[in-house]
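Right after this note come the structures.
Shared between the two complexes below is chain A, which pairs with chain B and chain C, respectively.
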Partner chain A sequence: MISADIPTEHQELLDQLKDMIVAIDSAGACRTAERIVAEKIDPMRAIKYSIAEAALAIGHKFDTGECFLPHLVMVGDLMDQVTMILEVGIPQEDCLKKKVVVIGAVQGDMHSVGKNLVGTMLRSGGFEVHDLGVDVPSATFIQKAKDVKADLIALSSLLTTTMPYQREVIDDLVSMGLRHKFKVIIGGGPVTSEYAVEIGADAYGKDAVDALVVAKKMFGME
Partner chain B sequence: MRLPFFEILERAKKGPAMEEKEFDMSIFHRTQALQKKFGIKYDPETPLVIDGDLPDRIYQAGRELFLELGAYCPNTRRAIKISEAELDREIAECPTAVDLGAGQDRVKMAHRSVAGNEDVVVVAGLQTLPFSDEQTMETIYYGCARDRCVDGIWGGIILKHDQRHEIQAGAPSEIYQYRKTVEALRRAINRAGRPGMILVNNAPSSVATIAMFDEEAGLRRTDYMEVTGMSEMKVTYDDLNRTAYALAHGTPIHGTHSSIIGGFSANPEGAAIVAVAASLQLISIHKAECFRCGTVDARIKSRVSRAQLWVAGTGIQALNRNTKLIVDGTIGDHPAAGPGTKQYLYESAAGHIVSTVMGAHSTEGTRKFVVGLTPNYGTPLESRWMGEVCKSAVGIDFATADRLVRYLLAKYEDNLVDAPAGATFEELYDRDRLEPLPKYRKLYEEVKNEIQTQGLVFKDWSN
Partner chain C sequence: MISLLEIAERTQTGEKVVEKDWDMDLYRTITGLVEKYDLKHPADHCFINQDDDLPQRAFEAALECLTELGIFCITTGRRVRLCRDEILTIIRETPSEIPMGQGKDRRIWKKQKLEGGDPVNICPGHHTPFTEDLASLVVKNFAQIPRTDFLEGFNFSQVDGREIIGPPMEVYASRRQAAWLREGVRKAGRPGLAIVYYPINTRAEDLICVMDPEHGLRKTDGILLSLLPDLKMEQDMLSAAIVYDEYGCFKISGSFAIAGGFCGGIEGAIVEGIAKPIAAMIAYRDTIHYTGVEHIHSLNGRQVLTPWVNWARSVVNQALNRYAKTVTMRWVIPTSGSGTDLNLIEIAMQSIEAVVNGMNLYAPRHCRTTTNRGQTPLEAEWMIEVADATTGAGLDRAGADDLLTRLAQSIDGRKPEKGYAITECYDLVQHRPVPAYDQVYREVKAHLGDSGISFL
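Our next item is the complex of A and B:
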């Protein structure tokens, strides 16, 4: 995307940063981020463009089988590094506030890979992700969501006999008067969009890429 | 002597400490390096590797990976590692055959050779399928048990007690319901006149799985304990609980693990290496006598994509060429398509053929990959298909297997994402006569004839 309102060489730097993140070139991406800061290019523009576009590109590559979970992890780490460089000159109160996600596999469920994929994808896509791991009781999800002031609780279930715990989290939010505070997205092998509706979830993600698309749409981040 | 179980427990407590992320990323970095070192390359044009030494190189790479990384225990955040000498002893002293089942239904599950003629053990049934009620479940399993082409059946679960109370993993309801399920399985096989046939069921928690063991009414010492290694290359205390019970109780242990294409294994080459490494983990750490060498794809809800056939088939071949271990494949267990469709039969046949030809047994049952909470989403005919195809594939040569698999892939591989949903037992079967409805029977026979013309000669099980 070429923007008319910035010099061409600045746009080139923003594109270079995006490309280096996608290529997982840590040294190159960090150097480019430092140049962006040195050239006094608006760091928020770099975050909203370079990093966001990189996330989209990586998501597409994952979908087409060009990259895999480890690449998502490395891209996520690199995005954090680059963001720290870019945010050096930004007053704390002006830093882009990320939407916060608490994610985990529900109680009784030890399967982590799907949850890891979604969490990493969300992180690459600009969310702040708190991963609670596996076999997470409802109370733990809710307490963490309160502690970090989460926007979204993401519940993974890979077994039909752990799906009831997705319902349990939502029911507990309701009984605690907290339902309105958090959006809830569910997913996992046996989970369906119909089940999401049945238990009162806000959304369903059929896979990691879809979860990111749905989450971004939920918060107007397309 | 094989590594004692209590030594494994000690190493779980005292092995190298590391965070899970570090272990996971090690899988990625090391498999990438090992692919280069051993020249391992996936060729989509060759879903079955039928010549050359690629399987041997995958074996060496998998062995090296396991010796380097060990298995990760999330409970203790440590890696359980074993030495090369210890691994060699595990491989040398692991049984090459194990007896399963009892009386007239007893079978020997032994090491098989690639493209060999050795008998294949098939435990079919509808693996972990949810059922609406006990009577329907027992009826369906009775139907599965009647088929002489299967040596055992895998159980499922009734998702609600009294059709009201949800069964939840880790809760007391799980123990009660799984116990009642296996009692119904025993009644089903007794009714079928096959009281000694192999029964398997695996609850999400170890305590519920252990609770199913009861010589009179549940799982027996002649069945096996299913122990799962968590993907990828992990072992939890819950897994080891099952091992502990099986060792103390005197029941064979069957391990299972799936590498993940798209996970930390990354590409198919990495997934093949991890499939072998995790198989060695299953015998060394989980103390399995037999094990499944398997893979899944993070993006596909089927186990028989081209890449998955390559990964699982080559991993199985690697183990059978280089050891005398008892390998299970069950590649055809979870098609994307649903029961009552030709695609279900095509997909599962491809996996069953590759499993058998590469030297594996198939003992993990079958059902559609995603069934959600839909009850009774399977019939005895899919179980029969598993037995028929797996056993009929014994003795076919590589060229025939390759031709069959290519034929089958052409039938389904473009439809794995939007696979036909199929239908439930009620829609496919005459419940009173316990026979497939004419439409389903016709479909089954059509596909059977079709595959027969491609070179798979089906055995006659009518006597």
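Our next item is the complex of A and C:
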């Protein structure tokens, strides 16, 4: 709930937008977003409240098994659509800048389930996510991170023998003098928090839900 | 029967599909099929499906899923389309007995009967990473378990003291894995025991390099070539399948569905869980499958039991057993680690369930295993004890459901426990658990006995 300085009917619209996103009602959410713009409600308020609260709600539903990975994808897509509507008329420099994540399964690793989960959770949690897919060489991670001015590089590894490539990305960032530019989070089946410390990662995500919590904490987004 | 060469051609000529579109199409198609075929769990929770009509509807849903979607090749980004006749032919031609091993260790893996009957086939280990200093000794320990029918390899991060990174080192390490398996089974006095190569990476060279009648895979051994989740395949795996099809090794596949992923919820996972082993047979000629349904949250070790997952697993296996002749095995994946009572109780529950669902048993290991922390021989021996007791008791579905319900109540509210490394709870030289773990085992066995299981 936002503070009491907002008229009741505006609050109702913001709550309606939140509920429509959680219900994955595309048409309804877009119509409500348009009404918010038409009513000259602060769009940043809608983004920081309706979308953020929707992200929390859908994350909780995933955690409790009420919704699944496809729902996270659909909610992520809808959030992007709604944000575009709300940001019409806002100068680019004033738009809420999302934290940017580049994610992928490291070189030699073809497993995408965990990476998909984390990427989708991060996206529905308010991050801008660039998913590079599987079998991604270190150079590709780094180049993409530079291109999109990423804040976070997320490295997934499901095989013991591909874990060294998580270290390779970090070592390459160091040798290129870029380590300070990007945070790095690692995860995957055989990966541990101890390994994250050993290779100099900034964080470790035990699973998709944990990865979102950790990423938000990293950027003061709780 | 559609040839692997034909499949290979279709991975190059099939319709191009963006992977994200494939994922969402899978979800939409399966969701529609769940509704069309009225796949839903009963009102009251159960562990074993009691509805005899449901597996057939689920099977039809899976056939329609495969016919409508095909299989997605991630290497080329193309759809491998299949027609119903091709799928039915594969099902008809699927063997229900798989010979393996040599000499006195020759075995036949079989499709088991629903509600049990014969002692089930056993792979007691590994599919969990060990360090190279333990490798040969671990293999010897597991091979010494008399009921072992085959033994699978494992991953590791170092070979000859060097970190494994890059294809040349992976090839070297792959051959070492096969050599450790060969050496370990010889040390156990079982030189003919079938070994199964566990891919330390899925590049074609890593999969094929272990063919070696003297030091690696013989024609009577096997290899793990798994379809990826969401009905996806890789060309490297297909390349290996083509080679091994000619060479002679049997192939096994990780063919369970993950509820919560792109297949949707529990009911959606049933559809994928039936479709996937059929697709694995088509794509790679896999003939032994670890099947069923798991849940994202239990695979991640977040919770011990997830409602309806066991029921969904039983629907999948009843369908495959009745309508597809599939040789299945239950991958026993407790959420708690070795050395804990919860680990042994979970293994017991999964073993009881497997026997009643007509499944063999495979490699009990912690769901979030890390190096040297995945399994000990005690868990495998325990798995066999419980399975044999279940077979001997002649439990039917209703009886098994009642027993599993009581066991579930006994662990209600408990959270997964991390457990111990193999060297902390098991003496590999003397091939026995440390006294503390032995005590845990005896207490759990007594608990199972109090719950109604009579051990032989």
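As a working rule, the second predicted complex is superposed on the first by the 221 of 222 C-alpha atoms of A that agree within 3 Å, B and C clash if a C-alpha of one lies under 4 Å from a C-alpha of the other, contacts with A are read in each partner's own complex, and residues count from 1 in each chain.
Methods note: a contact is a pair of C-beta atoms (placed from the backbone, for glycine too) under 8 Å apart; a residue touches a chain by one contact, two chains touch by 3 or more.
Just so you know, these numbers come straight off a predicted model, no measurement behind them.
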Superpose on chain A as described above, then tell me if chain B and chain C fit or clash.
clash
Which superposed partner A:89 touches (first chain B, second chain C, both, neither)
neither
Could you tell me if A:73 is touching chain B, chain C, both of them or neither one (first, second, both, neither)?
both
Examine A:163 and indicate which partner it touches, taking first as chain B and second as chain C; both and neither are also allowed.
both
Using the touch definition from the top, say if A:200 reaches chain B (first), chain C (second), both or neither.
neither
Touch check for A:7: first (chain B), second (chain C), both, or neither?
neither
With the touch criterion stated at the top, can you tell me which chain A residues are shared between the chain B interface and the chain C interface?
62, 65, 68-70, 73, 108, 110-113, 116-117, 133-134, 159-165, 189-190, 192, 207-208
Please output the residues of chain A touching chain B within their complex, sorted ascending.
62-63, 65, 68-71, 73, 107-114, 116-117, 133-135, 159-165, 189-192, 195, 207-208
In the complex with chain C, residue positions of chain A that touch it:
62, 65, 68-70, 73-74, 108, 110-113, 116-117, 133-134, 159-165, 168, 189-190, 192, 206-209
Note which residues of chain C are touching chain A in the complex, please.
19-20, 23-24, 27, 74, 129, 155-157, 163-165, 170, 173, 200-203, 228-230, 234, 258-262, 264-265, 268, 295-297, 300, 302, 306, 368-371
The chain B residues in contact with chain A across the complex are 21, 24-25, 28, 74, 128, 130, 157, 159, 166-171, 174, 203-205, 230-232, 236, 238, 260-267, 298-299, 301, 369-373
